[in-house]
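Next, two complexes with subunit A in common: one pairs it with subunit B, the other with subunit C.
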Partner chain A sequence: MNLFLQQIMNGLTLGSIYGLVALGLTLVYGILHIPNFAHGALYMVGAFMSYFLMVDVGVHYWFAMAGSAAIVAVLAIICERLVFHPLRHSPPIHDKIAAIGILLFLEAVVQMFWGADFRRMSSPFTGILNFDGLIIPEQRLLIIIGALTLVAGLQIFLRKTMTGATIIAMAQNREGAFLVGIDANRVAMMTFGISGALAAIAATLYAPINLVYPAMGHLVIMKAFVIIILGGMGSIPGAIVGGMIIGFAEAFGGFYISTAYKDIIAFGLLVVILSIRPQGLFAKGAH
Partner chain B sequence: MLQLKHIDVSYGSFKALNNISMTVNSGELVVLLGANGAGKTSLFNMISGLVRPTAGECEFEGRRLDGLKPSAVVAAGVVQCAEGRKLFPQMSVAQNLMLGAYVHRRDKQGNRRHLQEMYELFPILEEKKDQPAGSLSGGQQQMVAIGRAMMGRPRLLMLDEPSLGLAPLVVRQMFATISQINRLGTTVLLAEQNAFAALKIAHRAYVMENGQLVMEGDRETMLGNEEVRKAYIGA
Partner chain C sequence: MLLKIAALLMKPGAKMAMLAFALVFPFLAANEYQVYVMATAFIWAIAVYGLNIITGYCGQLNLAHGGFFAIGAYTLGLLTADYGWSFWPAFVGALVMTAVLGFLVGVVSLRLKEHYFAIFTLCVGFIIYLLLDKWEELTHGAIGVRDIAAPYGFGLVDFTDTTPFYYLVLGFLVLAMWFISRLSKSLLGRTFIAIRNGDELAESLGINLMRNKVLAFVLSTTYAGLAGALYAGMVRFIGPEEANINHTFDMITYLLVGGIGTLSGPLLGTLGLVWITQSLQFLEEYRMIIFGPLLVVLVIFFPRGIVGSFLTWIHRKSQALVPEGKRKDSKVTPTKEAENNA
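Entry: the complex of A and B
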């Protein structure tokens, strides 16, 4: 029984991280129709920024997280202004090529400063909680609570504030949004900023129980794409539920089948779900 | 109030508008008649800043509009209620209306008052204010679209074929409402194919064919004109 609960805990942890990364990816896709392959690189830069702020500057974990979120948000906005904005009238393939360009560029820059080594980033939450045999490391609990808080905060922002509503409006009817006077540039920058901050926070939450290295974004971004395809491109609930599905599948698959195959499970699930529901679980208007 | 001088609009090599010059005076209700593909929507989208003119000038209250972003055009006081409504379908009616006031978002009190006015103009919308806009009937959606445009506090309201796809009875109410909005002080530019109903509430009208204005006149002249009757009224 405890082993089973343990896997639920692991599934929730993984699902929270995947969900946060996929959320940023699906926002950018749903609103700007850009499949941002560089999102995984933003995640990786987020981890390195936190590492840098904690180890080299010496700030506390929380400040490192906030600083990294701010830096990556600005970096994402710069990508939008410098790369995606000038391409807005080009065929979609240009966005994809440019995104891969950004991905390679960011990885090369990080590698130049920090090398390709694997690094450890510690967090102050190293304790382990023991609930009658159910072992929960504090960091994992922090991941789950952190993800829940962010998702709730994002929902409140999108549903309850005028600024958030402009983002939703742009996703539901682009021209309608222009006609009420919503500025496309503002929404584009805001969307990229939010997606960057979410990626950086996810990376900072996950890094202490994982490793930090320049290629760390690869598998995460692939899974995030699987998740948003599963959940329905552009769908916010789809990203969260999809993240949980993949997280749980990996946790349980890794435990009951084999850890060697856990990364394949996501893609296997993708094939199964898409053959039943080709439009994804929460398909909606976004193309 | 609105003055277009020698406006051209092209889509690639296709010239959709050719040398358009027209005027809308403050307080007027001006109708723009034209068959499918005449260029009515292109003209509105040019004024709204969604497409750029390739030649000519567009002035509103003495200020150049061409070259402005769509958001700046709305802020300048020109709001379009688009063909096909362009609502936010999964958002509630109330949210749609409030987003119409986006450029006035700092004036919360004023917006609440305008929202109340819209509910007085369209009582059914108050009943349905929490429903997703996409779930309403066509006529009700058109009310949301007009209400949303009015929330932008336009001095010039442009309505692009508001009667499209509506039942005759609903169309009649729609035109009565448009006329009322105009009498309450908003200048209206109305694009229509439903010429008879539109002319009945208009002060003046223009006729557009293949991207050019071919006729202009006041209501009586237009209603009495043989060609207009033949082409657009069918009598």
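Entry: the complex of A and C
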């Protein structure tokens, strides 16, 4: 029984991280219809920025997380301004190639400064809670609580504030949003900023129980894509639910089926789902 | 003056000159290593031509191309090293394998449009990598495949030498290019371009989208398999890293620099970039610092690459030379014509 609960715990942890990354991706897709392949690189840069701030500057974990979120948000906004904005009228294939270009660049730059080695990030939450045999490391609890808080905060921001409502409006109907005077540039920059910050926070939360290295974004971004296809591209609840599905599938699949193949589970799921429903599981009709 | 040089490049003689240069290259090269690099570049060029069919002509961004390259290499490697096949049957086996797998993946993936297709193929490429890495009973896992047979020369030539192998690869490259040039002029090639320009319009013209897209995909994966098999025959040691997504990204860069959807673009882009990375050794590891922004700059400012931009330029120049009155009738056709022939 405890083993089973342990897997639920692992599923929740993984699902929270995947959900946070997928949220940023789905927000950008909802507004600009760009599948941002560079999102995984932003996640990776987020982890390295936190690592840099903690190890080389010597600030506390929380400040490192905030600093890294701010840096990556600015980086994402720069990407939007310099790359995606000029390409807004190009064929869709150009956005994708440009996003790949950003991904390659960021990875190479990080590798130049920090090398390709695996690094361990420390965290102030090293304790382990023991609930009658069910062992929960504090960091995992922090991940789950952190993700829940962020998602709730984001929901409040999007639903209850005027600025947040402009993002929702533009995702629902581009032309309609322009008609009521919403500034597309501002919304696009804001969305990229939020998605970058979410990626950086997710990376900083997850890094202490994982490792920090230049290729760390590859798997995460591909899984995030699987998630937003599952949940319907552009859908916020879809990203959270999809994140949990993949998180649980991996935790249980890795435990009960095979650890070596646990990374394939997400992609296998995607292949099966897309073969049956080319539009994704929860997609609302055709565009 | 520039225009005259440009006009010279457009003549059929230019192709012959290039071929002649390729034929004498091993005698001009300073050492064997340069011949080896050139042969590698030719192999990549074959794979990039494959990518050009599905991505350049048909407009579908296939991110599993490097994976199919690896499948070609592994099929040849495993058949010769583990199952005792000799090179040529295994070579045909590699082509058949990539074609069949290309068909299976194509049938599923091409039902998806645009972003979904790109993401799906990205995942397929990753699944291929994971399988090569983890399925140890079949692929030897991270150790890779050793003792791959070299091409059998029927007692006439020894393909374990670099120079004969160079000519073998050159032969396949010429064959591959000849096929593409025939294809781009044929009805089938034009069908692919029609699909790229707008699949709904193409469908309304009576084009069977699925059948043509799958055909383009199978052709492209077979090209990747051909390149992979040649690569395995040359290097004779392969590992799961052949399926690394970075190979696909490299090929996209080569294609974009040369000119996506053009006939000579893949060759020029591949040769140019392979030699530039070779001559700047320090770039080997950090080449992406330059390639990444290069991709971005290209899609923003020169989405048609070297060859495409050159064709646009030459077209504009020749238009400027034609007197005002005569210009009208030749306005539309030449670029399209030139684009498909160059």
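In this section, the second predicted complex is superposed on the first by the 278 of 287 C-alpha atoms of A that agree within 3 Å, B and C clash if a C-alpha of one lies under 4 Å from a C-alpha of the other, contacts with A are read in each partner's own complex, and residues count from 1 in each chain.
Everything below uses one rule, namely that a residue touches a chain if its C-beta (ideal position, glycine included) is under 8 Å from a C-beta of that chain, and two chains touch if they have at least 3 such contacts.
Keep in mind that what you see is a predicted model, and the values were worked out from it rather than measured.
Looking at the shared chain after the overlay, A:Phe125 reaches neither subunit B nor subunit C. In the superposition on chain A, A:Gly268 makes contact with subunit C only, not with subunit B.
Note on subunit A: of its two partners subunit C and subunit B, the one contacting more of its residues is C. Of the two partner chains placed by superposition, only subunit B is touched by A:Val180; subunit C is not.
In the superposed pair of complexes, A:His94 makes contact with subunit C only, with no contact to subunit B. With both structures placed on the common chain, the touch criterion links A:Pro86 to subunit C but leaves subunit B unconnected. In the superposed pair of complexes, A:Gln111 makes contact with subunit C only, with no contact to subunit B. In the superposition on chain A, no contact is made by A:Phe252 with either subunit B or subunit C.
Listing the residues of subunit B that touch subunit A in their complex gives 48, 50, 69-71, 73-75, 79-82, 85-91, 95, 98-100, 102-103, 105, 148-149, 152.
Interface of subunit A with subunit B (complex): residues 162, 165-166, 168-169, 172-173, 175-183, 284-285. Considering their complex, residues 55, 59, 61, 108-109, 111-116, 118-120, 122-124, 126-127, 130-131, 134, 245-246, 249, 252, 256, 285-289, 291-296, 299-300, 303 of subunit C touch subunit A.
Residues 29, 33, 35, 37, 82-83, 86-87, 90-94, 96-98, 100-109, 111-112, 218-219, 222, 225-226, 229, 233, 260-261, 263-264, 267-268, 270-271, 274-275, 278, 280 of subunit A are the ones that touch subunit C when the two sit in their complex.
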